[in-house]
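Quick one: structure below, then a few questions.
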Amino acid sequence: MTTTPAAWLDGKMVPVDDAKVSIFDLVLVQGAAVTEMIRTFAHRPFRLDEHLDRLFRSLRAVGFPMELTRQELEAITLEVVDHNEKLIPADHDLGIVLFVTAGTNLTYVGAAEIERARKPIVCVHTFPLPFELWAEHARIGQHLVTPSIRHIPPASLDPKIKSRSRLHWYLADQQARLAGPTAGALVLDHDGNIAETSTGNFFIVSAGTIFTPSPRIVLGGVSQKVVFELAERLEIPCETADLQLYDALNADEAFTSSTPYCLLPVTRLNGRPIGSGERGPVYERLIAAWNELVGLDIIGQIRKGAAERTAKSRMAK
Amino acid sequence: MTTTPAAWLDGKMVPVDDAKVSIFDLVLVQGAAVTEMIRTFAHRPFRLDEHLDRLFRSLRAVGFPMELTRQELEAITLEVVDHNEKLIPADHDLGIVLFVTAGTNLTYVGAAEIERARKPIVCVHTFPLPFELWAEHARIGQHLVTPSIRHIPPASLDPKIKSRSRLHWYLADQQARLAGPTAGALVLDHDGNIAETSTGNFFIVSAGTIFTPSPRIVLGGVSQKVVFELAERLEIPCETADLQLYDALNADEAFTSSTPYCLLPVTRLNGRPIGSGERGPVYERLIAAWNELVGLDIIGQIRKGAAERTAKSRMAK
Amino acid sequence: MTTTPAAWLDGKMVPVDDAKVSIFDLVLVQGAAVTEMIRTFAHRPFRLDEHLDRLFRSLRAVGFPMELTRQELEAITLEVVDHNEKLIPADHDLGIVLFVTAGTNLTYVGAAEIERARKPIVCVHTFPLPFELWAEHARIGQHLVTPSIRHIPPASLDPKIKSRSRLHWYLADQQARLAGPTAGALVLDHDGNIAETSTGNFFIVSAGTIFTPSPRIVLGGVSQKVVFELAERLEIPCETADLQLYDALNADEAFTSSTPYCLLPVTRLNGRPIGSGERGPVYERLIAAWNELVGLDIIGQIRKGAAERTAKSRMAK
Amino acid sequence: MTTTPAAWLDGKMVPVDDAKVSIFDLVLVQGAAVTEMIRTFAHRPFRLDEHLDRLFRSLRAVGFPMELTRQELEAITLEVVDHNEKLIPADHDLGIVLFVTAGTNLTYVGAAEIERARKPIVCVHTFPLPFELWAEHARIGQHLVTPSIRHIPPASLDPKIKSRSRLHWYLADQQARLAGPTAGALVLDHDGNIAETSTGNFFIVSAGTIFTPSPRIVLGGVSQKVVFELAERLEIPCETADLQLYDALNADEAFTSSTPYCLLPVTRLNGRPIGSGERGPVYERLIAAWNELVGLDIIGQIRKGAAERTAKSRMAK
Amino acid sequence: MTTTPAAWLDGKMVPVDDAKVSIFDLVLVQGAAVTEMIRTFAHRPFRLDEHLDRLFRSLRAVGFPMELTRQELEAITLEVVDHNEKLIPADHDLGIVLFVTAGTNLTYVGAAEIERARKPIVCVHTFPLPFELWAEHARIGQHLVTPSIRHIPPASLDPKIKSRSRLHWYLADQQARLAGPTAGALVLDHDGNIAETSTGNFFIVSAGTIFTPSPRIVLGGVSQKVVFELAERLEIPCETADLQLYDALNADEAFTSSTPYCLLPVTRLNGRPIGSGERGPVYERLIAAWNELVGLDIIGQIRKGAAERTAKSRMAK
Amino acid sequence: MTTTPAAWLDGKMVPVDDAKVSIFDLVLVQGAAVTEMIRTFAHRPFRLDEHLDRLFRSLRAVGFPMELTRQELEAITLEVVDHNEKLIPADHDLGIVLFVTAGTNLTYVGAAEIERARKPIVCVHTFPLPFELWAEHARIGQHLVTPSIRHIPPASLDPKIKSRSRLHWYLADQQARLAGPTAGALVLDHDGNIAETSTGNFFIVSAGTIFTPSPRIVLGGVSQKVVFELAERLEIPCETADLQLYDALNADEAFTSSTPYCLLPVTRLNGRPIGSGERGPVYERLIAAWNELVGLDIIGQIRKGAAERTAKSRMAK
């Protein structure tokens, strides 16, 4: 097992290819699971504490009776990373995924198994960061499209819970791709406020101030918080606000933050350029500060990593 | 394998205990799957055609590019049932589950695997009907509670799609159970209209007419349609309408329909009796007609099956 | 003036090229006008009565104090048609447009002109039907897209008023065209119900029944009413209902009705085929019945007219 | 032309009485235009830069492909003002109006003219400020009424776009005038928050702080911004907030800001006095500071100008 | 007590002037009471059964544990009427009022009195019908105005419960009276649908059909049901529908039904005439049929009764 | 009367047991009244000024034409307290209640009495604080439950008006009690934001900051304001925000403020512990500061008072 990636699943380490979940588990039956995604920089988890904090916030919101303590979960995570980081190139990095399910579907197993049914399954696994998926966006920026699908309102399922009931995101991105194969959805809430994308928090820059949607309707991003910190360090004012399409179409810049890719520019919205239609100066300052924070050229790693991974996969064919 | 239940998963038959799905599949990652639940009567699937119709409607709504034809899917379903029905008592029955996932999460596997990523996985499995879960409800009726959680609005994720992004249902039932361990949620939509329960369609009887919520906000139940047919046969008027708590609290009777248990009375709502607080005459006529339709005493099977299953599980301990 | 098209504007006939409205009029300042569009078949206005009925309904809803009687307006309309129909090919037809403005903007002219300010201006003009705009849709069907923009709710500005405050439609179609230059918007209301397109009423066919959105949220189309009549004559059931994307994606057919083009098939929705992805049998029966009603091959006229107009405009260059 | 006011329309200067727009233009057909209103003080445009900024924000929001640069538009504006300011009394002032239309209605002109159809028309004109319309409001304050009509929600047509699709405003003011011929509408949004009037931004003063509705639901007024600046200079705290009728009925003072009249008190709301029912001290301080800013007695000009204009119009009869 | 009107209050008959309720009762503290209003024709209660049905529906919706049976309540009502009808002129009639409170406010009396606190108080009283309040409306019709206040949504407090928490109605009528001292409010719901007036159900007549708002958002009126019955007898089609201002402004007639006055025309809406602006033919047919049903000239009684009561009250001064 | 508590009602002092209101008054008929609740500390009214301020804000919002001046009302209040404080133990305290009704129901009394009908009735009374109702909550904290009932939206009846139309609160608490006899409702608004409880304002503590719902949707509590002041004095940051269930379930502490009991901890929400599930440190600091402010051990008084009152009421039996 030392040459294949491992995952921790329901109490033990297994090769990731064997990391499979019973079709009776509620994560498959109801999307009833909470989750986190973390990444490494230079093979070390970034902001693991904050991600565990958020996982436990999600758990409190859904009320799953997980038995693992936070300390145990942290240790498991480090163990999985420790094993898997050796299997990727030294200058690549890992995405780390945790999820906790609601247990087994009682209807399938019957009352006799009620104790098993109530027992959450925990999984920790990793994946090599897929730089090639972000290389174009890093170069020319993302094209976001506002689909007709609205964000699920907090009174139904709070977007602050990082859950695995996210089919609406699949459908939203599908609508966005009508505008092109790499376009992504920027979802509005039921009042027409900009919420988020399927992978990250959204920001605009307007007259020197960074704005990001109100925490009421979006996931509280760990990377979003990094942006707040870097902005403070750079003395760029940063506010949360109810933003609408008007604001974004009139922004000087826009970008999204997300754990695996950190920060990517948004240069088009509904087919129209944002600002100059190119990466903007605030983006550049933020990503430079982020590079400094983690001691690594994030965009450089994406470019180089993408090329290497693409070359390797071509050779494999 | 002849003595253990089988499931059809991603192209082949496997023992159900081995029917597991990779943690990279979108059904686990996003709840991105559509599903059906069917049941047998006397070991033969009931209304298989209508369930397959609905599965394909869900598929068209989500746009997964499944390769299996309807005929193939039907054949697989029959094969799975054929294998598994021999493993349960002759007078018990099976629940049959189908699900189709959106494929593999591209972020985990990278662009090199895009073709695999786009390929849905199909699963067909069964489970012995868990009569013991319904025995009390069959006897004294269900207690439903309206939670603060609202149904997901169609503009976010249409409840007419039978999907596996249903964490809100888990949370709604959790709230309902504050009123007692067997209470269930009767979810309202954002306008306060009664929608459905986590397992079935809701009906009230008022002055001799059966009412069920507008199709706009609920799953189009196959069992709901059976109720429509039986009502027509029995010459009981049956209408869809926007119903509110007021209507349900003032109903003469209430019940829910669902594939595995067919029809169960609702005798309490938010702690208060509905009508007489007991099974009502319209319920009795409908279930009698349903018994006749399928040549089986549905409630009798629940009672007897529950007792047998409970005894057996006690012995196993 | 006998060789150039005429328009009736504010009390007199003028060449249509001179039919211009002061920049002080409220139709320019606030979009404060109500309107109608009629068409001829064989150079005679179709359903003029019903269009005038609807114009007067719009007028009652907005309360403009127009002085012209219905009889006068009808006479003017016929006079304009009479003049202009001679200027188009015998087998082409005219669109006829009426609009009534709210008067002059008081702020621009001051209190001294308050009487002028309160006086609506009336205009009646025609245009040769632009068949070339519909030829592709008639052949392969329309591609409709649901934009993120929502229909204006009746509590703000009732869509049953045929008004000239329609910038949201311009923006909705702009979003739809992200999916292709000839795609059009199918707008949802704030509850996610399908409303209408910028030019017409929307219909689906499902299991042999025609459905069209509830009158609550759409313009009461004169052509929509023709569809109702033809369906009745053909004994095809026809109902109004709250429809959602799910219903349309699962329809057997879809089409839109609109005064100038009558009835055009919708064969794609959000990039996915509706039904077979081709003109459907109910559409064919309806358009055949419509042809019979008006004694003219509507789609044939579109095809032939489009070719002729395109050829002519090429020669003009 | 030196003795009659001029307008710049679609590329050239014309006498304002000849400034007319074809009935085929989308500003008439759909209210598809964006606009600005500026005023002069002592015959010089006030905050021209900010108004042009906002016009270009509106243009980016609607996506019209206007060819004129900002510099050109500014030059044209100044030229029009230069010409027209000579034609009004030295101590009166001009309103300046800009609008840009979406082009010509393709349906009327056919595909052959698609290039013309896509070409926006630009207009710049002026009007002598109609002081007599504001004299009573300046003296005794405005009476505002909340109509049943709701503001158009941003998800349909963003009120931050200064557009010419404003029929709902016409209807809202009509409802307000049920309470008296000079009453005006104070429109609420769909959540019951106070938005704005048809002509200006709304402010209340409560316990020494000025509040104005959240930017989410109102036009970002240039005069509103002047109020912010003056308040800062006067050290009066000033905040945006979600305000409701309760807040306004309990305010110490209220007023509205608007480009042509700057700042007018609101002394009655739904028939009840606000505060003392008279012009309040914060209003007085703000208007005094505004006078100072522009070197002109704004209210004095309204009073004197109104008297002169009324006398003149009487003589003309 | 034979010469003064009596009321039944909390277990005994008292002179109506002594019929007072403790300031500790929840009807005063929370408006926590349900109620009915009935009237007599020729001194006999009309549709007493249906009113009692509705009272018990309200009681089931609010869950007050009233101890009186329906039979007892009916007997009390008849006894009160029996006593009081002798005290009014033979050709006048009585309004009859029932209400049931939620009991006593526990906070005021403390836990020691919890049993008293939970005990509802019942009251039955009458009043001579105040014909003078309706005489003008009977002659020239009502003027209704749509206020900015919205109906309370069913998810907050269902309008189908006839309760005594109705301050919003007081405020709505207050807004309506801005248009004149006898104008009344026609309240819209949060979607802009017409709901009802503070005293009755609203109807329009359009092309020969009577429409009244959907039961979802209005009190199920006993008089409304009489209209349904009379319409059926007269073979006038009658439907419930989602109606908006547009529909009412374009109606041929409108009227309201209410227990005490039965049916009164609505001839103006937001300052504009409905239909001819006078009592319409459908209204005349319905009121004639109603007269026949009850053997009494309802409008004649209003006119004559109003004159007599006014004369008498003048003499008393 | 010196040995029985007195109330001031409609112009004169009466024994509180005789303080009764006519069944014709609009407070009974429509819940049409505004109200205040004040309490004493050491027999002296606390923050009387602020409560009178709020009463007059409510009055301005509803427009009742009360004739009493604020000074008169204050004097009456002090007189009532002065009389009644002698009748309770020295270390107990009084609740003080004021209410102003809308007058008499015109329909019951007829046009002859219109002047009486328009005349509000004013009442001031007291009650011994019912400590026993809060003792358990003071010890182990409150259990709050989010019911399906939504707060009445401001556009229908503003929660900032302290009114007596509150049946929805009765129903909300009824739903909450499904979770246990002492559970209380924490009501959400129509967007799923946490609003308030039937008796008080809600607060959470998160990472050292106190948050309380936005003033838009809750009563502006006088005790809430005390919390703001104490927090400022203690240098605990305090903010208003849109809070959702997620935030409350993840809070470190929660509590409610209300005039009669000041501040009580909330330790469970929907059956789950908040924070440690016990009284938290911020609560302890705030209540300690409050004790200091009023020179009285508030929770000690509740405990001791509860015991004494319970003992006394047992003896009385």
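Read from first to last, the chains carry the letters A, B, C, D, E and F; within each, the first residue is number 1.
We adopt the following convention: a residue touches a chain if its C-beta (ideal position, glycine included) is under 8 Å from a C-beta of that chain, and two chains touch if they have at least 3 such contacts.
Since the model is a prediction, treat every value here as computed from it, not as a measurement.
Undergrad: Under the document's definition of touching, what chains do chain B and chain E have as common neighbours?
TA: Output, common partners of chain B and chain E: C, F.
Undergrad: Count how many hops through touching chains it takes, at the least, to reach chain D starting from chain B.
TA: Contact-graph shortest path, chain B to chain D, evaluates to 2.
Undergrad: By the touch criterion stated at the start, how many steps lie between chain C and chain F on the shortest route?
TA: 2
Undergrad: Same or different, please, for the chain D to chain F contact, judged on whether over half of the interface numbers appear on both copies.
TA: different
Undergrad: Quick one: chain C and chain E, Cα centre-to-centre, how many Å?
TA: Inter-chain centre distance comes to 45 Å.
Undergrad: Using Cα averages as centroids, what's the distance between chain A and chain E in whole Å?
TA: Going by mean C-alpha positions, chain A sits 58 Å from chain E.
Undergrad: Residues touching two or more other chains, restricted to chain D: which are they?
TA: Each of 63, 148, 150, 153, 155-156, 161, 174, 188, 190-192, 245 in chain D touches at least two other chains.
Undergrad: With chains as vertices and touches as edges, which is it: line, ring, star, complete or other?
TA: The chain contacts form none of line, ring, star or complete graph.
Undergrad: Where do chains touch, given as pairs?
TA: Every touching chain pair, ordered by label, is A-B, A-C, A-D, A-F, B-C, B-E, B-F, C-D, C-E, D-E, D-F, E-F.
Undergrad: Over in the complex, which chain D residues touch chain E? Could you list them?
TA: 145-148, 150, 174-175, 177-179, 188, 190, 192, 245, 270-271
Undergrad: Provide the residue numbers of chain E that touch chain B in the complex, in ascending order.
TA: Chain E residues touching chain B: 57, 60-61, 63, 153-156, 158, 160-161, 214, 216.
Undergrad: Which residues of chain A touch chain D in their complex?
TA: Listed in rising order, the residues are 188, 191-193, 242, 244-247, 249-250, 272.
Undergrad: Can you list the chain E residues touching chain F in their complex?
TA: Where chain E meets chain F, its residues are 7, 9, 16-17, 19-24, 26-33, 62-63, 95, 97, 99, 102, 106-112, 123, 125, 127-128, 130, 132-133, 148-153, 155-157, 161, 163-171, 174, 190, 260, 309-310, 313, 316.
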